[in-house]
Amino acid sequence: MSKIAYLGPEGTFTEEALCRLEPDAERLSCPSIPAALEAVRRGEADGAVVPLENSLEGAITSTLDELASGEHLLITAELLLPVRFSLLARPGTELGYVKRVITHQAAHTQCRGFLARELPDAVVISAASTAAAAQEVSLPGSPYDAAIAAPIAGERYGLVEVASDIGDRTDTETRFVLVRRPGPPPPPTGADRTSLVVFLADDHPGALLEMLTEFSVRGVNLTRIESRPTGNGIGNYFFHFDFEGHVADARVGEAISGLHRVCEKVRFLGSYPRADRVAPQIKRGTTDAEYAEAAEWLERIRTGRF
Amino acid sequence: MSKIAYLGPEGTFTEEALCRLEPDAERLSCPSIPAALEAVRRGEADGAVVPLENSLEGAITSTLDELASGEHLLITAELLLPVRFSLLARPGTELGYVKRVITHQAAHTQCRGFLARELPDAVVISAASTAAAAQEVSLPGSPYDAAIAAPIAGERYGLVEVASDIGDRTDTETRFVLVRRPGPPPPPTGADRTSLVVFLADDHPGALLEMLTEFSVRGVNLTRIESRPTGNGIGNYFFHFDFEGHVADARVGEAISGLHRVCEKVRFLGSYPRADRVAPQIKRGTTDAEYAEAAEWLERIRTGRF
Amino acid sequence: MSKIAYLGPEGTFTEEALCRLEPDAERLSCPSIPAALEAVRRGEADGAVVPLENSLEGAITSTLDELASGEHLLITAELLLPVRFSLLARPGTELGYVKRVITHQAAHTQCRGFLARELPDAVVISAASTAAAAQEVSLPGSPYDAAIAAPIAGERYGLVEVASDIGDRTDTETRFVLVRRPGPPPPPTGADRTSLVVFLADDHPGALLEMLTEFSVRGVNLTRIESRPTGNGIGNYFFHFDFEGHVADARVGEAISGLHRVCEKVRFLGSYPRADRVAPQIKRGTTDAEYAEAAEWLERIRTGRF
Amino acid sequence: MSKIAYLGPEGTFTEEALCRLEPDAERLSCPSIPAALEAVRRGEADGAVVPLENSLEGAITSTLDELASGEHLLITAELLLPVRFSLLARPGTELGYVKRVITHQAAHTQCRGFLARELPDAVVISAASTAAAAQEVSLPGSPYDAAIAAPIAGERYGLVEVASDIGDRTDTETRFVLVRRPGPPPPPTGADRTSLVVFLADDHPGALLEMLTEFSVRGVNLTRIESRPTGNGIGNYFFHFDFEGHVADARVGEAISGLHRVCEKVRFLGSYPRADRVAPQIKRGTTDAEYAEAAEWLERIRTGRF
C-alpha cells in the first residue's frame, strides 16, 4: 500500500484532499509543507499532498519555494477542493460564550464577516493550521474556546460544530497537488497542465516578455504565473509557470526547451491531468501531427529531397 | 505634526522603517496592515508605513490586496530595510534554557539554521508579528521563553538579547512603503518607481504578453510583477506591477494609458523616488523631449504643415 | 479648373484613372512618373495621378521612390482600376499578319498566354508604356504591327482592336493614387488608409519587428509593406507602409508618433479614403473615445484627483 | 564541364557575374530570367545565374516571382558585383554626335546625372537589357548612336567606350545568385544566408508580426524582406525572406519549421555562403550545442530521468 505524506495534523483540508486523491493510501501526517516534501525525498513516503494555491489567499509560497529547490519532485495530480469552514468547540460550548478563537491566518481572513457579525468581541489567535487550532481547542485546559477549521477536524478531535459554512464566500477553493519522486509523468489525457520553475539568465528589461514569447509562439497558453524572490535581494525573482498541455506534446516540449536554452535554469515540476478537465484551444500549426509533418519537411529540405 | 500609522505593536520592523522614513512623525500603532491602511482612509492618520515585500519571503500579500481594493491610496515613498533578528528573552534567561520560542512565521523560516543548530529541541510557536512575540514573552507568566524579533523590540518590551543577528542570511531586506490619501505624486527625481494594479479585461491567452508589450514598446522596464487571485475561483488573477519611471514621464503616461484602455481596470498606486536611487536606462526615442517633438510633428502633419 | 498631371502619353491606364478620379480636371501628360510628380512640386500642376501597385506586377517602384524623397507630396485619394488589354493595330491589320508587337514589359508578361496561343512567332518589343506602344504603331512607317495597350489608347491613336481582353487573368487591377502638394489631409470617412515611409535608425536585428509592434500595440492593421533600397549598398532598406485608419485617429497618431520617435525618419504620405470602402476592425481600447477617456484618466492621476 | 545559363545576351552584367562565380563553366545565354531558370528546370543547363537585387533599383521581381513558383530550384551561391556603366558606340562615334541612346531602364535611371550633363538633348530608348542595347547599336543601320552598358558588352559587340564609369554613384552593386536543381545545400561555412518564400495562411492583422516572431524567438536575424503580390487582387501578398544562418543550423531549422507549421506554404530557396562573409551575432541559447543540450534535457524529463 502506498504511503502519502500530507500537511497535518489530522483534520486539515490537506488530509481531505489526500483522501480524495488517494483514498486507499496510508496517510502520514507531517508538521509542515517542507516536512511533507522531505518525507518523499527521503523515501519515508511515496508521495505528498500539499496545497499550491487558494482562490482567495493566492499562492502557498512555502510549497512554491520548496518545489523550486532541493531534490527534484514531480507533480503527478492536482485537485480543486472547495473550502468550507466551521466554528468548532468542545461539546457544550455555545456561540455566545466564545471569546477566544484560534485558527489559521487564512481562515481568519476568510471568515471576517462571520466574526464581525457574530463574535465582534472575540480575540482571534493564529495557529499553524486550522487543524492545529482544532487540536489546540480539544486539549484539556485549552485557553481557546473555539477553532475555525474544516468540518473533518471536528470529527478527528471530538469537537462539535457551533456554526458551519461560516466563510464569507461559498466559492472559495484550494488547489492541491500530489507530488512524487522523479519518474515518467502520467500519460497525456488531452486536458493536462504542466508546471515549471524558471530562473532568468540575467534580469534584463524584457526578460519576462521573452519568456512569455517562448510560450506564445508555440501556442502554449499560460494559466498561472507567480514571481518569487531568489533570496538575493529585493528586485531578483524567479518564476513559477503553469500552462496548458503535457510535456509529451511537441509544442510544450519545444517551448520549454526554448526556455531551457535562454534561461539560467528551468526546473520541470510535472505534467498532470487538469482537475477541471478543460482541454486547451489549440492554435493553428501546433498539433503533434503538424509538428511531425514540419520535422519531415525540414529533413527533406536539409537533404535536398524536395 | 503629521501622524503615521504602522503595523504594530511597538517594536516591529515596520516601526523602525517608519522612524527612518518620517523621523518626526507621531506614530500610531495598528494591529494589522489593513488596520493601518484603514486609519489613513478614515483620516485618523496622515499616512501609513507597511511592508510590501521581503527579499526572502516575497510579497506581503496583505498589503498588495489591501492596496488593490477599497478607497484609493497613494504610495509616496519606499524604503529598503535590512532585516536583523535577535533572540530576545526576559533578563536572566540563558540560551540553554530556551524551550518554547515564539515568533512570526517568516522570522521562523529565516532563522531555521540558528534554531536547528542552537535550539534543536525548542518548539516554535507562531505569532502575528515578531513584535507581538516579544510582547508575549514580556508578559508575566508567559508560556514562552524567548522571541525572535527585531532588536528594537527588545528595547520596547524590556527584553534582553540572548543572541543577535541570528538570521540564516545577512543580506535579507524588506521593502516598506509610505502611503497617503490620493493627491499629486511627489515630483520626479530621475530615479523613480511607479506601482500599478491591473485587472485584465478577459483572461484570454496572451493577455499578459499584451500587457508587457504596452510597457516594452514605450521602453518602460518592469521591476516586479505579482499575480494575485481575484477571489473568483482558481485561475483568475490580477497583477501588481512596479516599473521604472514616474507617471509624469511621457513614456510612462502613454504606457499606463495604454493599459487603461485595454484592461478592465487599472489602479494607480503611486510614483515615488526609488530607495536605491538607480536611474533607468532610457531607450532611444522615449525621453520627454522626444515625445514632445513627436507630438509637434504629429500636429504638423495633421494640419498639413510639413 | 484644376490641372492634374499624369503618366502619359494620352491613352495610358493612368489617364483613364485620372478621368475617373477627377473627371473635370484639365489633364497634363508627362513622360514619366518622376516628371508628373515634379510638375506638382513645381506648381505646374495641382496634382498628379500615378500608379502605386499592380495586383500582378507588384509595386511601381518609381512611384515609391519618388514619393520617399524630394519635396513632400500628399496622397489624397486612391483608385483601383481593372486592367484590360487589347491588341491594337492600324485599320486593316489582321491578326494572322502580326509579326512585331510592341508593348510595356508588364503588359507583355500579363498577356503571355494570348501571345503564346495566338501569336507564337511574333517578336515582342518593349516600350516605355502601353500608350507609347500604341503611339509608335500609329506612326506612318512604324516597324511594329500591333501594340498591346488599354482600349482607350486605340481611340486616342486611331487604332482598331484586333483582339480585346487578351490578358491571362481578368481580375488584374492597378492601384492609382492622386497626390497633391502638402496640406491638411481629407477628413476621415471611417474607411481610410494611411501611407508612410520609414527609415530605420540603425538596421539592428529586430528593428522591423519593433516597427510592426508600434502598429500592433495600438491595434493598427498593416495592409501593405514594401522594402526599398536606400541606395547605400545591398542590405540597407527603407520601408513603405500602408495601414488602416486616418492620421486624425488617436490610435494612428500614437502609432506613427511612436515610429517617428524610434526611427531615423518617418515621412507621412497621406491619409485618404480607401477605394474599397472597407472599414477597419477596431481592437478593444483603441477608439478615439477610449483614447480620450484614458487621457482624462491620466490627467486625473497625474494631478492627484482620483 | 558544367553548363550554366544566364540572362543574356552576351555582355550583360549577369554574364560577368557568371564568369566570376563559375569561371570554368560553359555559358548558355538566355533571353530572359524565366528562360534561364527554365533551362535549369528542363535540364538544359546545370545551373543559372540571375540577378536578385540591386542596391539602387531594389528587387529583381522577375527573379523573385520565378523562384517562388514552378518547380523548385535551389540557390547555392551568391555574388555582389559592382555596377560600372560605359557609353558604348560604334568606332568613330564622338560624344557630341550622340542623339539616340539605348539602354535598360535601370541603367538609364542610374546614369541620369551623366545624361543630363553631357547629353541633355539625347533621346533615351529602353531595351530589354544593357547588353541587348549594345547589340542593337552594333547592328549595321541601327537607329541608335550609343548604348549604356557594361564594359564587357563593348568587347563582345565591337563597340568602343565613348565614356566610362558614367553612373551617378560609384558604389552601386547587384546581388546575383546561382541556382541549381534541388539537392542538398552546400555545407555551412559559419557565414551563411538562407532564402525562403512564405505564403500566409490567412492575411489576418498581425500575421507578418507573427512570422517575424518565429525568427526572432530563435535568434535568427532577417537581412531582407520583400513583399510580392500573389496575383489575387490588390492587398494579397507573399513574402521573400533572407536571413542569417544555414538550414542545417538548429535555430534556423526550428524557425522555418515554425513558419511551415503556421503558414499556408513555405518554399525553401537555399542556404549558401554569404558573399560578404559576415558571420552572424548569435543570441544566447541558440547555438547548435545549446539546442542539443536542450533536446537531451527534454528527453530526460519526458522519461523521468532528472
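Every chain is named by a letter (A, B, C and D) in the order it is written, and numbering of its residues begins at 1.
Quick note on the criterion: a residue touches a chain if its C-beta (ideal position, glycine included) is under 8 Å from a C-beta of that chain, and two chains touch if they have at least 3 such contacts.
Chain by chain, the UniProt names read as follows: A, B, C, D = Prephenate dehydratase.
Everything numeric here is computed off the predicted structure, so don't read it as measured data.
Using the average of all C-alpha atoms in each chain as its centre, how far is it in Å between subunit A and subunit B?
Roughly 25 Å, centre to centre.
State, to the nearest whole Å, the distance from the C-alpha centre of subunit B to the C-alpha centre of subunit D.
Whole-Å distance between the two chain centres: 59.
CA centre of subunit B versus CA centre of subunit C: separation in Å?
That pair's centroid distance is 57 Å.
So which stretches of subunit D touch two or more other chains?
Expected reply: 213.
Does the chain-touch network form a line, ring, star, complete graph or other?
Drawn as a graph, the chains make one closed cycle, so a ring.
If we use the touch criterion from the header, which chain pairs count as touching?
Touching chain pairs, listed by label, are A-B, A-D, B-C, C-D.
Under the definition above, what is the set of subunit C residues touching subunit B in their complex?
Of all residues in subunit C, those touching subunit B are 72, 74, 182-185, 201, 210, 213-214, 217-218, 247-248, 253-254, 256-258, 260-263, 268, 283-286, 290-291, 293-295, 297-298, 301-306.
Can you tell me which positions in subunit B touch subunit A when the two form their complex?
It is residues 53-58, 61, 80, 105, 126-128, 169, 171, 173, 175, 205-206, 208-209, 212-213, 216, 221-229, 231-237, 276, 281 of subunit B that touch subunit A.
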